[in-house]
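In what follows, chain A forms one complex with chain B and a second complex with chain C.
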Partner chain A sequence: MAISRRRFLTWIGAAGAGLSTVNTAQASTLTQFKGHPEGLGVLHDTTRCVGCRKCEEACNTVNDLPKPDRAFQDMSVLENKRRTTTKAFTVVNSYPVGSQDQPVFRKIQCNHCLEPACASACFVRAFKKRADGAVVYDPSVCVGCRYCMVACPFEIPTYEYDNPLTPKVLKCTFCAPRIEKGLLPGCVESCPKEALTFGKRNDLITLARKRIARHPDRYIDHIYGETEMGGTSWLGLAGVAFKDLGMREDLGTTPAPALTSGALSVVPMVVGLWPVFLAGMYGMTVRREKIAAEETRSEIAQAVKETQTLADEKMAKALEKAQAEKRTALEKAEKEKEQALKDAMESFKKENEPGEEE
Partner chain B sequence: MTRWIASISSVLIIIIYSGVVYSDIVTSTVAPEKRSDVIHIDSSNLSKKNERPPVRFPHDLHTDALAEKNEGCAACHSDMVKTRSFEFIKGDKVGYDNRMNGYHDRCIGCHTSSIASGEMGGPVICSGCHREQYTMERAVGSARFDTSLHQRHNDALNKSCESCHHVYDTLNKKTVYEKGKEGSCSYCHPEKENGKDMSLEKASHQQCVTCHETRKESGKTAGPVRCEGCHDPLKRLSYKKAEKIQRLPMGQKDFLMLQTKESQEDTTKNRMAFVPFDHKRHEEKNESCQICHHKALTGCTQCHTLTGSEKGGFNNLEKIMHDSTSTRSCTGCHKVERKAAECSGCHTFESDRAEDNKGCIQCHLTLTLSEDQQKQAQDLIEQNIQENIHDDFSKVPEKLVLNKMEKTYQPVVFPHRKIVQTLSDKIKNNRMAQYFHQDKNTLCMGCHHKTPSTDTPTACSSCHTAVKMDSDTFKPGLLGAYHIQCMECHARMGIRQPESCTQCHKEKN
Partner chain C sequence: MSGEQKAESRTLLTPFNLIAGIILIAGLIVTVIRFTKGLSSVTNLSDYNPWGIWIGFDLMVGVALAAGGYVTSAAVYLFGMKKFHSAVRPAILTGFLGYFFVVVALNYDLGQPWRLPYPFIVGWGTTSLLFEVGLCVALYLTVLFLEFSPAALEWLGYSKTRKLAGRLTIVLTIFGVVLSTLHQSSLGALFLIAPSKLHPLWYSPYLPVYFFVSSIVAGLSMVILEGTLSHKFFHHSMDKTYLGEHDPLTLGFGRAAALVLAGYFTIKMVGLAAGNHWDLLTTPYGLWYLVEVIGFVLIPCLLYTVGVRDRNLTLIRFTSVLAVAGIILNRLNVSVIAFNWHLPFSERYVPSFQEVVITVFMVTLIILSFRFIVTRMPIFHEHPDYKDSH
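Let's turn to the complex of A and B:
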């Protein structure tokens, strides 16, 4: 279908006008969400962790998880780097660091981000960020799409692939039921070295800063999770570079929802406004063209008719003239014929008169 | 046919390409060798038309090569004996072209003649010396002089200070010896040439290397003449240590009370308690006087006044005495000492900031000054220290049973007296530790912290309790307090025991 230039420009103009009416999420991310004021958190001080795995054992007990193949006292599991699994919401890994003779240990679990990527990616609202800081999961609405696993920058959520009928996404729950009852999370309670300190997130940041100020030789001057991905409830301190402990330093401070909110905010406009606008423009231009076509046609018809009439008249006139001429010609011819006859008669008569002797 | 050629040749190209790129043959940059004798010959400050990269010159290599031919420094440093100058190209204002030609003529000339006479020579083409990729790197260590080296020189030169020490007579423009004015070379000779004074490098080479060279030529025992001998850290480790280091008499006091300059003039002007300072012991402990006397062999207050002066770089007295980041200040040096394994078990918990620790009174003892009272202070300190050495800890509980946290494990039998005794033993041989632990209760305060000095400190559980939701975030719970205190101390002091949880507390069955 050939689109006229005018039609094309009209469409573009309508789309642009539609765009300008949309309030993109850029404006809303000028202020950073610093967490709920009463939000809780845990400070993990990796300089204290000795890799005893009591936290793993406690998590296993508190969540009624199946006992693992290798006992929690078996320290040889630390030879490999492990990930959270559906049977282990938290694991401790050992990271050998060149500058020290002992490896550094770190506990991995859901970081309960202030603006969780999993909650943002989930289109059925299975993940929710609670005011007390926990990011909790509702299996009853989950559809098993696993977008949360794709979205999580720390690769935490795990999926029950071997459960065909009622698979769930599993991760650390921040012991939400225990916290509600006024108990500490299982891992925090069991850590002998108090490498995990529980408290209000704001207090923990003050505590971390205090530790760094008192012992600048012991700690890297950075609290991991203070601003990473917009902030997390689980914070980390380390005496070596965080990336040496498998903690990504390339995440940036933009919260995960803000990364996609720009594009997502355009969707209602694209789906709602544009069809209406564009259909309207289309309709108007089509109608206008139709009318124009109508007018043209009628004018043409008119012109044709007039021409026809004129032509008919002309034809009639010409016919008449022709007939008149024909008549005159015929008459003339008659006359001439008569004349000729007469002349012939006369000449015949003359010839046949006496006088002729022969 | 062409298809075959194309495919085979493309495979070959890929193989060769990856082989070349990922192999070490072409792209290998072997790390340049770190040498302490590398001199950078770089005239780029004279002219912008440096066509070739600067040269890295291995001096020892040449010294050795010339030694094989029985030639000494004079082969290149022709004026050495007379002027004691080690300049290769004479004169400051030689100019770029003259410098270049000077180097080229002499270096390449010598190399060519060596090769011509059948011996080993050096590079004769441009890229032999002017390399794009360096094979050696300058790693010149400090040629520090400490009391042991000084003693050895003293012995070798039979105590003739004038052999090395001098002052500069600006009128007659020469160096003269002045008794009583001996000091470190760096007091007058700056690190870098400043247009007025000869640089430390030049001065020390002139003084040291020429002396060593001349002694060597006359067959006496001499110090190093090769760069490596003074500037290579590994070589320095193998130096002989002088057996007995004699104290250098410069009129210094053995023991004095530190005070400000203002109160030296008028004692009534004093506002801060005097600090007893055992200068003799500090001399014995440090490797060189320069560690504290960094600009002159005088008292600190000569330059560093109470409120700061230009002479002292506007570093006032408080700062130079207490700056915890400097190894030259009292507190700074003591902080470094506390990091030793014997001490850091308790001291690791202290804040790194001196300002946070409230031990002022340990040093600022007395407002009195008379000679008798100084002597009294000294005696009192000695008395306290001696008492502590013979202290018995019979009042200290021998064993404690820690049973507040029984769950998975049985109670801990804590060898309390043994630990206190061990700590006391560790400070026995350290005079500085003895001074600061004159109050023997300070040994307790490492673990029984945040309480005043007392003979009967309280149990851990009187401040630390089980962690709950409403606990103070800033204070560890009892479980954490026990483990942090014990395990951290053991780690810092290099104590490997215990190696597993059950060594301190057996499991409950």
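Let's turn to the complex of A and C:
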């Protein structure tokens, strides 16, 4: 019985492995970036976290941050919901959760996204995702537009608003300088409860799965950051719903660059097609105007011609009339002359016949 | 000449100038504080709210309302509405001033404004929509400057250069439309990267299309509105051509605005249906959304239509105010009011008094520059020597 049960488990395991290969195969046909295979990460297990703030203190030390307003030993700060600031790259908040008598603690810091929104948004490429997993910032080029802060879905980057000359964006660096030297990130090193585990992201996912599988009653069956916004290098495990720990569950799996790639791909289309279309419109307008102008011109010509003929006709008529008048006048004059001659002749004749009258 | 001088000295003591003077002084004081003490000394910006009204109003609204330049020059030079020719210069001038002061205001908001050219020098962040906005605005400002230059050159009496600038008109117009299409839409696309922060009723994959189409509405309505206002205040600088073309222009642009608004309303509804967020319409944000889409899109669309049908110029002019208010509302909704809607009120952004001062300061500077220019350069009238050169 025991044997068969073990086998049964093995079969399940084999089936599970089969399923996961299918998943990978499917995923690889999509062009989703799965992260650098050697990329590092940190797993934060909130079921182990006791809210001691040791990580906050270590982070403050290794990053040479200013002294906190209230000492790291002061646990009363946990009562307020806090976020990352220019003075604290990581904070631990306490979340009262209904069914449990103990509050749950969660550490907040940059999640070092596999395809970071901040890096995609920056117009001077001040952010870079390194092969080791860290998302690092170069203050020497940052213009201070703060679009990275608008873009970050985890509301992590902070800004030195009170610095008039060289304000910088500040956030967790994944302790990149320490990692390069082979050291652990400050926060991970200082954690007394091993709530933070540092390692290759792929191994951490395996580890997290194992923990969930070993204690299904203790964990929610989800690794936060495995797929959120395309995946993050820092991962989270919890025993209560993530949204009860202030972690958004509605972020989706689309990485940030994919959200804007559509709009960006339209740019060459607009640049290529719009001028052609507009020039075409202009050409048509010009042609229309030219045709209109030509029509007007020929109309004018026609009108001029018509007027001309009309005028010519009139002139001719007038001339004819004048000539006719002249002719009749001449004829009349001729007639009058003849008549006058005739009359004269007749009166002369009469004068020469006096005898007849006496 | 003496009459002109008298008019000037008369205008110097108006209440308008008094208020403008106070605003200028207040603006200069805040400017000094901003650049010596940093952003936190004058703004309510925070780590949750990196963008306030200097982006939401000065940039987003400023660019949208300056769309009159490309809309008018495209209508007149490319789409053959030559009869509205006299509207081009005032529209180009307001466009140029609008963009110029957008860039000035941006320098207040940037943490290190002297690095403004960095995106084009040190790091080509081509994955960023802000990069596209920056590049297009920079280029378009140059185009507007060139488009405006004939007026300045005529005023200065450089007739040869003037001729050269005149020949570029068509190329510049096409270039201007392409650049405007790109950056007007990209301003909307800026928010595509933050679906988790912008309220779903405003977040849409169509954001760039919305911004572009509504910029045409903004451009048309602003030309009508500016025409009305200029008519009131600069009547003496207008020539017969301008005055004669003014009413037909109001009608023509009113008709165009009605059409574009109808299209805009339709695609807004398409986006709403595609997002399938009908259930959100009954929430407070939903009601606010309806105020915007019905009160400031659908109603102006209907009023424009009625105004054009009845040839009611007063109604068209009134509607242009409503439509412009709608654009302002939309840009503020997307960038400030419905942005970070998920945060509790204590973490939301409300502009500080000083931020408002700078915004009013910028608007005042635009008005003063506009007045300075139109009372001197041939904007509302043609220069006698260049009557037939356009």
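The working rule: the second predicted complex is superposed on the first by the 245 of 358 C-alpha atoms of A that agree within 3 Å, B and C clash if a C-alpha of one lies under 4 Å from a C-alpha of the other, contacts with A are read in each partner's own complex, and residues count from 1 in each chain.
FYI, a residue touches a chain if its C-beta (ideal position, glycine included) is under 8 Å from a C-beta of that chain, and two chains touch if they have at least 3 such contacts.
Quantities reported herein were computed from a predicted structural model and do not represent experimental measurements.
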Fit or clash - chain C, chain B, common chain A: fit
First (chain B), second (chain C), both or neither touched by A:Ala126: second
Partner chain(s) touched by A:Arg248 [first = chain B, second = chain C, both, neither]: second
Partner chain in contact with A:Asp69 - chain B first, chain C second, else both or neither: neither
Comparing the two partners chain B and chain C, which touches a greater set of residues in chain A: C
Which superposed partner A:Pro192 touches (first chain B, second chain C, both, neither): first
First (chain B), second (chain C), both or neither touched by A:Asp162: second
Chain B versus chain C as contact partner of A:Ala213, first or second or both or neither: first
Nearest-approach distance, in Å, of chain C Cα atoms to those of chain B in the combined model: 12
Touching both chain C and chain B, counted on chain A across the two superposed complexes: none
Parts of chain C lying in touch with chain A, wherever the complex brings them together: 35-41, 43, 45-48, 50-51, 74, 77-80, 82, 109-113, 115-116, 118-119, 122-132, 134, 170, 173-175, 177-178, 181-182, 185-186, 189-197, 205, 208
Residue ranges of chain B in contact with chain A within the complex: 351-353, 356, 467-469, 471, 473-474, 476-477, 479-484, 487, 501
In the complex, chain A residues that touch chain C: 83-86, 117, 119-126, 141-147, 149-151, 153, 155, 157-168, 248, 250-252, 256-257, 259-260, 262-264, 266-267, 270-271, 274-275, 278-279, 281-282, 284-285, 288-289
Residues of chain A that touch chain B when the two form their complex: 48, 50, 52, 179, 182-184, 188-189, 191-194, 197-200, 203-204, 206-207, 210, 213-217
